[in-house]
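Look for chain A in each of the two complexes below; its partner is chain B in the first and chain C in the second.
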Partner chain A sequence: MKSDSWKPWALLAPSMSAVFLLLVIPVCFIVVYSFWLRAPSGADIPAFQFGNYGKFFEDFFYPKILIRTIRISFETVILCVVMGYIPAYFFYRSESRYKKIFLLLIMLPFWVSFIIRTMSWINIMGDSGLINHFLLKIGLIESPISMLYNEFTVLMGLIMYLLPFMVLNIYVSLEGIDKSLLEAARCLGCTEWQAFREVTLPLSLPGVSAGCLLVFVLTAGTYLPPMILGGPGNDMIANLIFKRVIGTLDWPFGSAISVILLSLLFVIVWTYNRYLGINQIFKSLQGN
Partner chain B sequence: MAIVTKEKLDRVYDAYKNGRLSRRHFLKYLGLAGASIGLVGSPFGNAVKDAWAAKSIRFDGWGGSVSEAFREYAFKPFTKATGIEVIDGEFGDMNSYLTRVKASYPPGGEFNIAHLSAVFDYARYAELGFASVLDETKIPNLENVMASMIKPLREITKGTLSAVPYDLGQTGIAYNTKHISKEKAEKLGASLLWDKSLKGKLGSWEGDFRTNMWYAALHTGQSPNNMTDLKAIWAALREQRGLMKKYWASGAELMSLLANEEIYATVAWSGRVAALQQEGNPIGYLSPKGTYSWMEYLFVLKGTDLDVAQQLLNFMLDPAAAIAVSEGQNYPPSLDPTKVTLTEKIKKMPAFDPTGKLDGYLFANPSYWNAHQVEWTEKWDRIKAGS
Partner chain C sequence: MKQFSPGWTLIRIYTILVYVFMFAPIVVVIVLAFNPKQFGIFPMEGISLRWFIKLAQNESIIDAFKNSLVLGSLTAVISTGIGILAALAFIRFEFPGKNTLNTLLLSPIMIPEVVLGVALLLFLRFLQQPKSFVLLLIGHVVLTLPYVLLIVQARLVGIKKEYEEAAKSLGANAFETFREITFPLLLPAILAGALFAFTISFDDITATLFWATAQNQTVPVKIFSMLRNSISPEINALGAVMIVLTVTTPLLAGYLSRKFSKIKD
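For the complex of A and B:
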């Protein structure tokens, strides 16, 4: 058996190499960059100093954006759970022959560019968009209501982007629940609601928590919805990184913010793993 | 296809001498170059030469109607005339392009020509080592270009040129004539962008601290090239932020916000406003005293095949091409009106100067603005984000 011990490593080698080359090395570069300095012209100066980290915490400006990011991420997670559980449960209980088509519809948004999907809200909610046009037409309002470019529209854009991830995670988890358990609960006198509360909901939690983690991490790192649908003061931390790296050519500081975000997400994932167990994600994918 | 030129071999040798290239890699490049030359000299030489003749050059510009004009009136005729393909790229602002140039390997290597805005950018690129040295004898149409646009470039690159001036424009104020009268706009001038009755209907360019500070300077009665009361500038920008609906990120977004009446007034690039007006949108253009004027250049990055680049630049400066592009993008060309007869349409464009001397035009002083770039960009970012 011992002579075969190399086989798993050989099988893992291609994917591990890919992870190493495409993830580990770039992250190492970012960490190294975060200690560098930036010349006024935008040139990078190799150095080892903590000034970029110090700058992040020197006043409340940057931490405030980080806190806003975490808050918006939590809000997105909660809204996605509430809005995602219902369709996932519907698909799970549905006996319709169109069930597969419903599931396909969940995937449909992924066929359209994310930017196009996000920008389409401008045509729907803009001052001369569909909603205002309709309200003006029926005489309910006299002038357009300003609906775009605020935190609400940012949240909406995030939910539109991330809801399918939540629905699919929950659905996969629900699909793994043995339906005879529900029948047993009903036979033992549970009402429909009690059976859901005592059997279905607890057994679907691995899927919910996996979806939560996924949605949270993706929200914390996204920058397009705030950029396209946000107004002044709705920037999230990824926008800040984007502006530092792309806008002001300050790669060292942008890298330092990235490292701080990465560390924070690591702490959150570690906490998740500590109390819920990262293996819940795999459980949910296996259907418990 | 990679083309072996003396310049490229010189660069490789230079890199080897400076220790940036290992001996192994240097020998590899020499070997490849030798093999290439061998192929050309072989019986298959003609076929290889023909394949190499299908050259290409990359050009990056501002996108939207500007890129459209370049494509239609410069690149397509150039490709038709020479067989050289122009690969057309776009950027949203000057810094994002510079980031991509920096990130390419070798730095600047993937990029050839950029439609840069303003002398301060020319200075930045030169300072970062991206400047090439053009052979002006191979760009005879440069003779027709306004001397007043060439002079500032020569001063930066010590008598040589890394770019050719191509057009000029202004960042003025666009306003919706359905909601703001011409009289009101002219009366308020730059202060229109601080008009409280337009709260929630104002916009500005998020990507450029200069534009925002420039108008804050005009609003507070200061000279944009010598702001003495920065506290007043920051206070004005903070006040303006509370009135803003959207800081736009690109020319396309600017046009969309104005056309869809999401915003009624904003700083705006004169050419984009002209394009909106030609589409029939109710948009007025205001250029108050001290309006931000700028010159644009076709900058050739170090490492570019200069023969091809110079050929393209000369083609683009030919009056026929330059006038067609100018009319397409709605910015006056760099051609000297005292040497070249320009069309009526061009003569009516904002920023057009019939004298060709550009006296009285207010441009950003490169040394003043570049010296404060880091500090002011950060400050502007903070204010924009609500600090």
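For the complex of A and C:
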């Protein structure tokens, strides 16, 4: 079968060239551009200097946004675990006939555009939104309270976007647990809670950690919830990139910020892969 | 027994609350799309279709819809096409560097879309090409390829190699084997992958916002630009149309494929 060795390469050629040409090379371009200079006229001048990075760390303005991005990402991860674990466990243990429909429903938001799910929080939390309307009606408040455009609403938008990823990851690893292990634990005298704590929980941790990584990476790279639901003080690093590239057309600086974001994520993914292995993430996405 | 324990009841209530949280924004968009009032969101007074009618008369929105549909369909076809080939290579062959290459092809999932958006745009700028429909298309192919690959690979692992070998030993060539054996068995995954690619492309905003131009707007980009003025019933109506479209398509496809497989039996 020696003569067959060219075949996989022929099959891979289109996708490989697509990814190389459209992803690998463009990302290399970002790195190269991040060392370039921007002329006052707006033209880009090829150069090799660290001015763009220097500008980022010059004062506290930009690093603060970087730190905020990391903090919000961690907050989102924690909230997603807290909100996602119990429903995933519910699907796993439920013997209901409707289990499949429930699962389908939790995937449904995947099919609804991110921008619709994000902007709809305005319908709910805006001055004339659902919550204010309800509170006014029952007479708890006299005038609408403004709830929008702060970190809380940004977090709401992020969770809305990322919770299904977390639930799915946890559910896939729960489904992989041999149920006889639970029965064994019960036979040996464990209470329901003990069996959960000693058997189910530890065995589901790979799914939890895979979900955490995915949620962290996706949060750190998003700009839509802060842009639509956040105030001026809630920008994350992706907003900065968007503003530099689309707003002021400052390509070299925008590139440098992109490189900083990529490095942050690379360190996190690399550490994760080193200690936990990255394949779990792809496993859960196959179910989609 | 456990189904009636107090702990289990709590778990159920919690799950229901999470569902309410997840679905409230989606339901509210659809409900408010029928709001007759011009300003303000709640309370609603009656039901009206005026915003849908206004949408249908808005040419730029119709154009955005056409763009999105063409873009999504082309993305699905290309992405699924090259995804099937790559999946065949990974599952049916052994070659050096296989795992690394597989990770490379899946990596767009882990790279923030913002960076992808900037990178491709920068590359285009270097080549001195203007933004165009082609940029959107190739960008969306890169975005969707990993998902198609994952879905098709997962299914291909489950198809026994023996079937293909049997066909070959009966005299079929490689292409005939693929056409007669592998492709039909793979079809559900191909359809699922194509649908997924279509929806991702149809819904995408984060990267698309970098690549779109005024002439090449997609529906999400249109919604984004309409949001600048503040939320309006018209946006909700547009959102409702999109939700119905992207949610019913996969459900319908699932239903049809089950129905057809029954007829075959």
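We take it that the second predicted complex is superposed on the first by the 258 of 288 C-alpha atoms of A that agree within 3 Å, B and C clash if a C-alpha of one lies under 4 Å from a C-alpha of the other, contacts with A are read in each partner's own complex, and residues count from 1 in each chain.
The rule we apply is simple: a contact is a pair of C-beta atoms (placed from the backbone, for glycine too) under 8 Å apart; a residue touches a chain by one contact, two chains touch by 3 or more.
No experiment lies behind these values; they were computed from the predicted model shown.
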Chain A as common anchor, with chain B and chain C clashing or fitting | clash
In the overlay, answer first, second, both or neither for which of chain B and chain C A:Ala220 touches.
-> second
Which holds for A:Ser128: it touches chain B only (first), chain C only (second), both, or neither?
-> both
Could you look at A:Arg38 and tell me whether it touches chain B, chain C, both or neither (first, second, both, neither)?
-> first
Could you say whether A:Thr69 touches chain B, chain C, both of them, or neither, answering first, second, both or neither?
-> neither
Touching partner for A:Ser146 - first (chain B), second (chain C), both, neither | first
With the two structures laid over each other on chain A, which partner does A:Val245 touch: chain B (first), chain C (second), both, or neither?
-> both
When the two structures are overlaid on chain A, which partner does A:Asn169 contact: first (chain B), second (chain C), both, or neither?
-> neither
May I ask you to name which of chain B and chain C touches more residues of chain A?
-> C
Considering only touches as defined above, state whether A:Leu105 meets chain B (first), chain C (second), both or neither.
-> second
Colliding stretch - chain C into chain B, listed as 189-197, 225-233 or 243-251 | 225-233
Where chain B and chain C land on the same part of chain A: residues 122, 126, 128-129, 245-246, 251
Could you please specify the touching residues of chain A with respect to chain C in the complex?
-> 4-5, 7-9, 11-12, 14-16, 18-19, 22-27, 29-30, 33, 83-84, 86-87, 89-90, 93, 95, 102, 105-106, 108-117, 119-124, 126, 128-130, 132-133, 137, 159-160, 163-164, 192-193, 217-218, 220-224, 228, 238, 241-242, 245-246, 251, 254-255, 258, 261-262, 265, 269, 278, 281-282, 285-286, 288
Of all residues in chain B, those that touch chain A in their complex = 93, 95-96, 98-99, 102, 124, 127-128, 200, 207, 241, 244-247, 249, 256, 260-262, 370-371, 373-374, 377-378, 381-382, 384-387
Chain A-touching residues of chain C, taken from the complex the two chains share = 2-3, 5, 7-8, 11-12, 14-15, 18-19, 21-26, 28-29, 32, 40-43, 81-83, 85-86, 88-90, 92-93, 95, 101, 103-116, 118-123, 125-126, 138-139, 141-142, 145, 147, 149-151, 153-154, 196, 199, 202-206, 209-210, 219-220, 223-224, 227, 231, 235-236, 239, 242-243, 246-247, 250
So, in the complex, the side of chain A touching chain B is made of residues 38, 40-43, 61, 65, 122, 126-129, 146, 148-149, 227, 231-233, 235, 240, 243, 245-251
